[in-house]
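Look at the two complexes coming up: chain A is in both, with chain B in one and chain C in the other.
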Partner chain A sequence: MSYGSIIKVPFGPQHPALKEPGNFLFEVDGEIVVDVKPRIGYNHRGVEKAFELRTYIQNIYLAERICGICSDAHTTCYTQAIEELLGVEAPPRARYIRVIIAELERIHSHALWVGIAAHEIGFDTLFMYVWRDRETVLDMFEMISGNRIHYAMNTIGGVRRDIHADMVSKIKKGLDLLEKRLKYYLNVVQTEQTILKRAVGVGILKPKDAVDLCAVGPTLRASGIKNDVRVDDPYAAYDEIAFNVITHDGCDVLSRILVRCEEMLESIKIIRYGLDSMPEGIIRVQVPMKVPQGEVVSRVEAPRGELIHYAKSNGTTKPERYKVRSPTLGNIPALCKMLLGGYVADIPIVLAGIDPCFACMDRMAFVDVKKNKEWVWTMQQLRRKYAKK
Partner chain B sequence: MAFVKEALKQLFRRPATLKYPYEKLTLPRDFRGRPIWDMEKCIGCGLCFDVCPSGAIKMIGKGLEAEIKHYVDRCMFCGQCAETCPKNAITMSEEYELAGFDRSKMLYEYKRDT
Partner chain C sequence: MGLDYAAVEKEVCKKMTAETIVSMIRILVFPGALFLFTLAFFYEWVDRKFFARLQNRYGPLHTGPHGILQPIADFFKLLSKEDITPHASDKLVFILAPIFYFALPLTTLFVIPILSQTSLISFEGDLIFVIFAFTLIIITVFLAGWSSINRFSTIGSMRAAVQMLGYEIPMGLVMVGPAIAAGSLSISRIVEWQSLNFWLILLQPLGFAVFTVCLLAELQFVPFDIPEAETEIVAGWRTEFSGRKLALLRLGRDLELVLASALITSLYLGGSQQFWLIPPIVIFLVKTTFAVMLLSLLRAVFARFRIDQMLSGMWKYLLPLAALQIILIQLGLGG
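Up next is the complex of A and B:
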């Protein structure tokens, strides 16, 4: 039903979905969203410039702090890029440890997201239970790396810490508990009316739109498209590990929840395989401080989707240019598509549906050195400028 | 209905959290807390100062007379200094309760006994 007049509703910048700033201007006709204008850039921290001012060793920790939740994905991508420039390869054991840490991180990130999604649809009981069980993963991280969130495991030429035999048994015990709990949550998501009523048929993203708008990660896989960097362009030890790429073709929020829940179970299998078949040997190789001239692009499947890092070196100890394309930025156009035609009440869950991470994303700013001016462009301005050409 | 059973079960379980200041979790073996310098071992090479990503370490003087200032409010506990140190003079301790209201108190100075 149309009310005949269109009202503009600003949403954010005070955490519209997750606890991070991002602004969306909705045009609503009654309860129906007819237009969305995203505005990003509230979390711009100048990370890329900071990369140019620090040495390659210091940048590992900077890359880690682009985002707290996918901290390992960023360092894997960074170290991979620099290793390629240096022409070294991480030892086999280090590559397996990277896979194990990356998959543990996927579980912790997806579990966090399932909790958030439950919170957004007003199901706080599930949110509390999922987050309690997520602590199991965080405790494992603390045991392996010495910290819960910023593991600092990767270094250029390998990993910093080994996974010892006594840790392996503890991790396996934790995984058994997690598997039991995750299977239970999968059952809850599929049967509980509280979730189904809010998630089925909400935030539809058709497969064609998903591809056209360059959606990535679980958002794309929930539209039924099999796309995963771990399979398409294997890095670390993923080429030696067999696993399924989870897809669902519901194209709605429920599919996004199911894809993430099943991915967590798949991750558990990968970790178990990794722990059992980890080769013995050294975990890191020594690398020089200076990196030879060159350019490189490195890709990693972060929990939220495809993460791209670009590095340009000039033969010194510091990079000349560094660029990060995080998965959330790739998902923003798809997000706008999902929101169109939906209800205002469904905005939070659809927004949260792509697992947005604004800290990762906000890196877009323009600087005119001659005029000494700085400004940020909105997505709309970008579109206006480039869509016509 | 799957959830009702689970919710009822929780009534008879212990809480998942601890009463923090009174009860504490045991820390894992390789926990990364506040780094501590052993000035007996330190040779004042300055590598920790060079490598620190957040500029939390200052070195005053040179060589065997050097003093170390560690600004724990800037430190992010990555442990790169401890890893880089050629003499293993830096250890990551188990100290983590470092929050406070006064930043000037968050400076740890390491001097040499003369």
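Up next is the complex of A and C:
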């Protein structure tokens, strides 16, 4: 349907489909989206600057709070970077524990996403069921670390808590239940007609576009491209564990759902293997407070995709510069491509399809689009300009 | 020749007053407005509770036993809230729309037999009136959304109007089915016919299925909650309503649910008929509760359609099915 005139429809920053503030300006011709202009920065928290003001030990907990859902991915990435600067390596048992926690987190993050995706297309029953079963993972986290979301497991030089034998049997029991439920949901997603109607052929991202626009994680793998940091650049104990990289070549929302569902099943296999073949031994090594000069880039496959941390040290107890590239930022250009040519009613599910996490992603830059100029302001300059007089 | 005109007049007046009082009570209290309000709140609770249990939640729990008073508490809470009329809105329509939305289903319920096999108001052709009232309800929805001059409301009301184009014709068609079988356009007669013959759900299962699907669309339940799709257009056509107006809109929705379940009961499940020693009202309540639970069940097991998918589905599948049902009746099957 085309009405010949183009209407601008703002989507966000406050909108029920977005759990966090982000703004997308759509140009709509009838029911068809013809242009998208994303605008981020509503949730900027100045985390990178905060890194420079804190010591390396304090920064572990700051890194944990970059994201509420993939908190472990951020600390793994951070501790990995600092360990490389220090020239130490986490003990083998700690590396296995890191894998187990990371995969549990992947299950909890993907389950959360499947629930939200179901909610976006109005299937609240699936939403409630998936979130109920997600509690199993959260209970495991509570048992292991005492916390449901911010587990604080990683530290520089290893992990802070061990997984004991009695926990292992409980985790395995929980995994059996999860596996049964996940297989059921996978079946529901593949057979329920109303879901298929809303997900097949929606939000198409062709493999070439996905690579060109630097999509990451499940979004990229749903376009049929085998790319996973866990395999390409193994960290923790992933080099000792065999697993499949899940890909689907539907390039649409359904593929994204399927990739995530099957990844959860794959994670269960990884955790089982990890629990069985975890070597005995210490879980952490002592490290000095001061970190020698140098710079390092560390990569981790977070649930949402490839996460990159960069650290520059000047030999003191605090980093000189720290940079975080969260997966959602990498997926934004690809998201705009997916939305083009789609229906207005499909915007929420396509938007949710990349599993956006705006708080992790928000960056601030001063840009003048008309003059094509970019600049940096210090805090004092900002205050002078915007503080109430 | 010794007729005492004054005495006769007095007698007639007395009789009339008594009749007026009785009919006033019947219209205002039982089985009229007050009873219907109670029923509306009760069915909202049934719907919410059953829907929640299907989703493995608890649903209303706090107010009254098992949260049974929650809908009433919600209603009174909304009455006490600030009532905002947006500056840019078309004020007259904006204020009148909730009243109409609440009054229309209430009025329509009077033609449905509840207490016995004849309704409060019954005339040849009240089935047509019901069909007409359903259309009026959607027109009220459209006006309510349109008059609030809100982006989301406007989209929501447009979607409501477009959706009506999809389900109205199949619904009208299948509602004629029972009328053909009973040989009357009066709902009371249809109920009476069913008590003498079979329930029409046995004779016209196809019609029952089509009618239920259309009612889901009329009530804007999932998978047809397109006009108020939360994740797409906030609250759709009722985004701007608050306070008393929202309370009326919610009560109107509940009355619509009562109307829908009462229609399923009357047209296909035999209506309020005496069964053994059980009074018809009990039978009616049991059947309508079943109908409400059926609608809740259906709204729990689907995802939302897109508006174009809904329209094409209605025209491609539902309309031919409705026509097939009528043809079958004409061929002597199901009538």
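Following the convention adopted for this analysis, the second predicted complex is superposed on the first by the 360 of 389 C-alpha atoms of A that agree within 3 Å, B and C clash if a C-alpha of one lies under 4 Å from a C-alpha of the other, contacts with A are read in each partner's own complex, and residues count from 1 in each chain.
Here is the rule we go by: a contact is a pair of C-beta atoms (placed from the backbone, for glycine too) under 8 Å apart; a residue touches a chain by one contact, two chains touch by 3 or more.
Model, not experiment: these values are computed from the prediction.
Visitor: Since both structures carry chain A, what do chain B and chain C do when superposed there: clash or fit?
Guide: Result for chain B and chain C: fit.
Visitor: Under the stated touch criterion, which partner chain does A:347 make contact with: chain B (first), chain C (second), both, or neither?
Guide: second
Visitor: On the A-aligned overlay, A:286 touches which partner chain: chain B = first, chain C = second, or both, or neither?
Guide: Once the two structures are laid over each other on A, A:286 reaches no partner at all.
Visitor: Please work out whether A:160 is in contact with chain B alone, chain C alone, both, or neither, and reply first, second, both or neither.
Guide: In the superposed model, A:160 contacts chain B only, not chain C.
Visitor: Would you sort A:132 into first (chain B), second (chain C), both or neither based on which partner it touches?
Guide: Both partners.
Visitor: Figure out whether A:5 sits in contact with chain B (first) or chain C (second), or with both, or with neither.
Guide: Touch partners of A:5: none, neither chain B nor chain C.
Visitor: Can you report the vertex angle at chain A, computed from the C-alpha centres of the three chains with chain B and chain C as the arms, to the nearest 10 degrees?
Guide: Rounded to the nearest ten degrees, it is 90.
Visitor: Touching A:58 in the superposition: chain B (first), chain C (second), both, neither?
Guide: Only chain B is touched by A:58; chain C is not.
Visitor: Who does A:147 touch here: chain B (first), chain C (second), both, or neither?
Guide: After superposing on A, A:147 lies in contact with chain B but is clear of chain C.
Visitor: Can you give the closest approach of chain B to chain C, taken over C-alpha atoms and in whole Å, for the superposition?
Guide: Closest C-alpha pair between chain B and chain C: 5 Å.
Visitor: Which chain A residues contact chain B in one complex and chain C in the other?
Guide: 125-126, 129, 132, 192, 194
Visitor: For a test of understanding, state which residues of chain B touch chain A in their complex under the given definition.
Guide: Residues 1-3, 6-7, 16, 27-32, 51-54, 76-80, 83, 92.
Visitor: Per the contact definition, I'd like the list of chain A residues that touch chain C in the complex.
Guide: Spelled out, the residues of chain A in touch with chain C are 1, 9, 15-17, 31, 118-126, 128-129, 132, 192, 194-195, 197-198, 343-348.
Visitor: Where on chain A is chain B touching in the complex?
Guide: 54-55, 57-62, 64-65, 125-126, 129, 132, 135, 142-143, 145-147, 150, 152, 160-161, 184, 187-188, 191-192, 194
Visitor: Which chain C residues qualify as touching chain A in the complex?
Guide: Those in contact with chain A are residues 54-57, 151, 222-223, 225-226, 229-232, 234, 300-309.
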